[in-house]
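Chain naming follows the written order as A, B and C, and within any one chain the residues start at number 1.
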């Protein structure tokens, strides 16, 4: 297993955000991590990336916590919410310091800028970027070291239809080449065509886990299955 | 393909330097501080020429704007630390460099490397200007006194910058850090001078560049002052690193 | 009026504002206390020339609270610092709710002024027992006219902070400038030693509304913070002119500027 999340618990004050999350992501497959807003998707990914500390349980990459990886950027490429860049820096300068920290050649920066289609905006300050451009910059940073694992939080958020189609085919290609892809989303329709495995989280608990067919089950679409699984007791949902 | 720990450390340092260098605010802060410093030194020089006091000291006049100058360096330290928390950059930093203690330490080291030349150039230009304007009016100064005062002032500003960066890293927000540091250095400390012992970072650090002959009773030697300020800065950086390692990003 | 109420509640829901209010209420009393302790012996011996300043020095040099208030009122709308980094600026929302920019501007300036006035009154209420406790029967009585001047000074200072922050769209520069200038090593005091024009700077002129001891400009000007150069009325007028001009420019810029710019 490449990514193993085992009985993860996270408490903030008295509030329990994650109560015993367990799932895995396998190589050669795209794993979709689905749930409504505030279900705990980002919290799980933040712990997996060593940004937050778990109250109990573990989230491991190749059996190790993120901070113990020898080459974090070459192992895991991650794009969380937003661009993850200081608004006053240019996109190029942002990627350059990352390349510098990971010991990558500067030419790689131009390559990933080209991959995500930001070559023209390379010298523009990040605060002038649109939401979609910021996402593209975040994805560019994740791809910089050509990692075997990709972890993307809401990757299609803010992307235009063209960008969404691009990321779908791109992620499929990564998985088919034997890489591991974990992505979170609350957009079911966008995901059904991309993912192989599905994990559904609701209020800090896993409510479904399996292949796309298993989770969809008797429902006609993934979306129907998702609502059936997440909205039954959720009277507060709209 | 294991990379030696030393090379990894160098890479982190270079990345942190790169981050600081490509942040326009850092350069704005240094440039504005430089201009304000020259203006203030000019004002101090004119004032001491007008007063016609018997033999105004070149060093005293050239370093008179130190109390303002430190504000620029406080801002520099806060900017360096708090810029991580703008635009969610901290998430990128920690996924690229997950070794938190080493990363924050290297950030302070990178900041030191930038601050030392900046502080030296600023203080030296002030003293040079005062020396040029007061030529003939002022009492002579020994070259070694000038060098000692400049080194002391540079050290004071650098340590103050590190202290501010540590406070900034602890608070993570620019304005609260600025309010606390400016409030201490400009409001609380001047009002309570004489009431508090001289073991606070600014009151002790002042002895690093004040001349022994500057009239008031010298409680501390430059080395003692430097030592006390260094203890403050180093322990605050250490606290910042410990907290940084423990808390959620 | 609705916009004004909205601005008040927006301000009071910021945690930073409560810190500003705390500083605003306590700083003057603390400064007045320190000043009174330092002067106590001279006052009892009857040789102090600074007796009429007791208490007022706290109001003159303890304005940090309203500076923070004025800065936060604007910078909170433009802030981008957040660990989640969504970068959403509240100003866009504010302008959708109150579409007239002039109305939003006036409502905000009004909210800042009202809070400053109340804060200054609170500070005075705290200063009176403090000086009385330290100086006992020697404590001077505070005069209404001078207190009114202090209230004006606080409000004008808050509005200057507000206008400067609106022009620069970030809090760092105005906060640094005004905090240093409200300190014992104020730029204005330094400049007053070089040129008489410095007496026309807003803070220096504004303080004349309530902080003066040596009467008239006939005595030799030493550049001390406590020398009088203007009458209280002209001092107030000069500071008001600064505020009016600055707010005018800020209003025009705010009206014309793109939100994203």
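By our rule, contacts are C-beta pairs under 8 Å (C-beta built on N, C-alpha and C of every residue); 3 or more make two chains touch, one makes a residue touch a chain.
Per UniProt, the chains are B = ABC transporter permease.
Just so you know, these numbers come straight off a predicted model, no measurement behind them.
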Longest centre-to-centre distance from chain B, chain (CA-based): A
Centrality ranking, top chain (CA atoms only): B
Between chain B and chain A, distance of the C-alpha-averaged centres to the nearest whole Å: 41
Whole-Å gap separating chain A and chain C, where each centre is the average of the chain's CA atoms: 48
Distance between chain centroids, defined by C-alpha means - chain B, chain C (Å): 28
Chain A: positions in contact with at least two other chains: 81-84, 87, 127
Chain B, residues touching no fewer than two other chains: 86-91, 249
Touching two or more other chains - residue numbers and ranges from chain C: 80, 84-85, 87
Residues of chain C defined as touching chain B within the complex: 16, 19, 23, 27, 30-31, 34-35, 37-38, 61, 64, 68, 71-72, 75, 80-85, 87, 171-172, 175-176, 179-180, 182-185, 187, 190-191, 193-194
Chain B contact footprint on chain A (complex, rising order): 46, 49-53, 66-67, 69-73, 76, 78, 80-90, 93-94, 96-98, 100-103, 126-127, 141
Chain C-facing residues of chain B, complex: 40, 43-44, 46-47, 50-51, 67-68, 71, 75, 82, 85-91, 172-176, 178-179, 182-183, 186-187, 190-192, 194-195, 249
Touching residues (chain side chain B, partner chain A) in the complex: 1-3, 7, 11-12, 14-15, 18-19, 22-25, 83, 86-92, 94-100, 246-249
